[in-house]
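To keep things simple, chains are lettered A, B and C as they appear, and every chain counts its residues starting from 1.
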Amino acid sequence: MDFELTDEQELVRSTVREFAEAELAPVAGEIDRDHRFPEEVLPKMAGMNLMGMPYPEEYGGAGTDYVSYMIALEEVSRGCATTGVIMTAHTTLATFPIYKFGSQAQKDKYLSDMASGRRLGAFALTEPAAGTDAAAGTCTAIRKDNSYVLNGSKIFISNAPFAEIYIVFAKTDPDAQGTRGMSAFIVERDTPGFSVGEAEHKLGIRGSSTPPLYFTNCQVPADALLGQEGQGFKIAMQTLDGGRIGIGAQALGIAQAALDAAVAYAKERVQFGKPIASLQAIQWMIADMATSIDAARLLVYRAASNIDHGFPYSTEGAMAKLFASETATRVADRAIQIHGGYGYTESYPVERHYRDAKITELYEGTSEVQRMVIARAALR
Amino acid sequence: MKIVVAYKWTSDPEEATVGADGVVNWSRARPGISTYDPVAIEVARGLAAATSAELIGVTVGAKGVGTPLAAKAALSRGLDRAVIVEDDSLKGAGQAELAAVVAAVVRRIGDVDLVITGDSSVDVAAKMVPTVLAGELGWPAVAEVTDVTGQPGALRVGRAVPGGAQVLEISGPAVLATSADATTPHVPGMKDLLAAGKKPVEHVDLAALDVPASSAVMTITGRARPARKERKHQLLDTSDPAEAAAELVKALREVGAL
Amino acid sequence: MRCDWVHGYWVHWQWVRCEKGFGMSVNAWIVVGDQPAIGNLITVARSLGGDGTIAAVVAGPRAVAETVAASGVDRVVWCGTPDGSPAEASAPAVAEAVAADPPRVVLGGRNPGDRVLLGAAAAALHAAVLTGARSVTVGADTVTVVNAVYGDISDETVEISGPVALLLDGGSVPAASGAGVPIEEVTATPYGVKVLETIPSEFEEVDLNAAQRVIGVGRGLKAKEDLSLIEALAAALKAEIACSRPVAEGLNWMGKDRYIGSSGARISPQLYLAVGISGQLQHMVGVTGAETIVAINSDPNAAVFAQTDYGLVGDLYELVAEITSVLK
């Protein structure tokens, strides 16, 4: 067993960290405060091949392994959690379904634009009444001649206002039971009948715009169908299997940022005539934070490494996401505790880390869904 | 045409600690490519692209400067290949010694038209290696270079001088030390990182180089942590800025600083 | 003989008994580019003592050689730098002159041109090069230098047998002393470097070392226009304005001669007032000689507060305005 990263993985970390510290961290507070989508950083990230890392170069990607992609996502999120979710929603949720299930024509048309970061993607599965129970969606796509007509709405769609390409899930067979009647479509932004609503006001990751989508007799060509009719649920679940590891990496980055802030503060803050880092109460908190972050990191990298080796990764990804997200929330909570009253103010970044961390327990499958997946495997 | 960029793989003293005995402890510092050297690589890359030159990275130093990771980190910034001298006898080497070894590498590479360096190293920060290197090679050196255009034999070099800037024309090989703000180096992309591992790296034995003997032998006979002036460390209460200002001015008058 | 150098200048020197061989010949060369600002180098060369000569080699206009000839050195060699060439082009003549009469010590200032000449001389002599000398003691067989290293976090005592080149602050232009010495002219084929164009700086030149009070501006200042606030304070304090490296080199708000730090200016004023400066080692090393240091920063955990006499945590805009109005 070998826990060493390769030179390339180490360089991905140091290089992305350099970028995140220079370009992302300085604006993270401002985009959070102003609920501003950091549009200006996306071309820079594209220039560094950060918007399609795991895809082959022939498709516009960087051709890195999945572990490298997770390290980059971790470092981006350490600088700015909002940018982390933009990156993973685009790279995994929107691009992976086309890479994995798209026809050659669909790949030719979309993949290199997306993997190179020229066009941003979004993933539209969740509906007002269909969150964890994704199969309960009521969006429909009815075949009409050589096209499909989409009706219904989606909510909480990351990247939506700035995306150009959407992976949309809708029932092609509204009468089918459970998960069977759902299909996936590639919808372009300027399609008539498709519109993007007002962004939600969120607790955290406030720079990431997550509005609803509306489809009103929105007609897409038949070749917008991704995979086969009825394959939608499988496409969604396989995509989320990878996406979860990404959220684990995002959580890891947030947790690391919170720990870094706490350590810096504990060394500088003097109470009772000495830095609070010399107090055992603080040391124990730091020790627990560092330990759980390390455990989360090993779980995330292991799940990613399984992808690289062609091993199953669904359960491992669920474990990674569950543990990393709960670690992030806990670590950010402890970071505020170490900061005392200052930590509760906007003068320090830890309150933002705390708000940003919470979402990682919710999206791309709540902690309860992850436990369901893990328990199913354990009880098999 | 061949352009050499001489870069340094080293640590930032900001991350070092120093004991009461003056011994510097680097164990917590993370070595990397010296802060201003990516500027040199970027400037050199631009000229190499414009003149179809080969861009060769050269570094010399103690064990560690030539690890695969260190080499890839430098190569990912846009070098075509690297030539590295890694020898523990260079640990703590002075600037004259390092410059002499770099000069020997440049001679060994042969037919080099230009050497470009960073402004100063992050650890020593003295800006002398490029000038001694030029002396060793018998080439002119120009420091504070802000841009380089043209062809070998007729290079146009912009540089900052005290009180302004100059444009120079250089008709032969030269050593150019770039200013720290000559350009903003790009951060390498993920593809560059992967491609770096495929670029050639040549490790050269120090013993195989023709390095002229130094006439000076340096021996470190003592170390001390410099005594710092004792500071008062008084934090003034700034809840009322006007009062804080008055208090500060009063204190400064009392100590004779005003 | 020995002299001590503190924070950029040899401020006092103390005559001590040399090891055996007091009175031996100590030759020191001073290399000079296109500016005769070598007052400090002459002081250092003299302090080395002995009965050897202090020679200067000038690569620059003849007027510079004339100023140097009248400064009290024993010998002046002028390279006859051709019109239209920078001082650096005459590096071969400088190296030849120095190598023809090899010294124990070669001294040069920190100007870019002077550094090049010193490098050429050092290479010709295969000399050791040191750049952080705090003191120099010349013995019978060795030269001992206390040399500050790695951003001045440590002082190494280095014993050198053989020639040594020292990079030092040049100091100011020396006053004329006595009748002066004749100028010897040498020639050597210069390097093919021509000046095509000279563009004056948009910034006024400054000698921070001459200022008793200095305000250092860091990146806590949000916009270039806000410098007017600092200028008002500087006027009230009768202070010069300086800055951290990124303010001069990244933001280009001031000339490079105004940035303070390990590779910039090192100053020892009565008062240094750091405004919006975080306090990184590479900056603070330039002001360790300041008599009193004040810092204003909004971050109570900024490293600068560990290195100051008086610290003010708060909004720099508000505090600077208040201090200015109190001074008025």
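Please note the rule applied: a contact is a pair of C-beta atoms (placed from the backbone, for glycine too) under 8 Å apart; a residue touches a chain by one contact, two chains touch by 3 or more.
Every value quoted in this text rests on a predicted model; they were computed, and no experiment measured them.
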Chain pair, most C-beta pairs within the contact cut-off: B-C
Chain located farthest away, centre of chain B as origin (C-alpha): A
Separation of chain A from chain C, taking each centre as the mean of its C-alpha atoms, in whole Å: 53
Separation of chain A from chain B, taking each centre as the mean of its C-alpha atoms, in whole Å: 39
Between chain B and chain C, centroid-to-centroid distance (C-alpha), Å: 19
Residues of chain B defined as touching chain C within the complex: 13-14, 16, 18, 22-24, 94-96, 99-100, 119-120, 123-128, 130-136, 138-144, 156, 159-172, 174, 179-181, 212-226, 228-229, 231-236, 238, 241-242, 244-246, 248-249, 251-252, 255-258
Complex contacts: residues of chain C adjacent to chain A: 300-301
Of chain A, residues touching chain B in the complex: 7-8, 10-12, 14-15, 18-19, 22, 47-50, 53, 57, 62-64, 68, 72
In the complex, chain A residues that touch chain C: 264-265, 268-269
Contact set on chain B toward chain A in their complex: 32, 68-69, 72-73, 76, 186-191, 193-194, 196-197
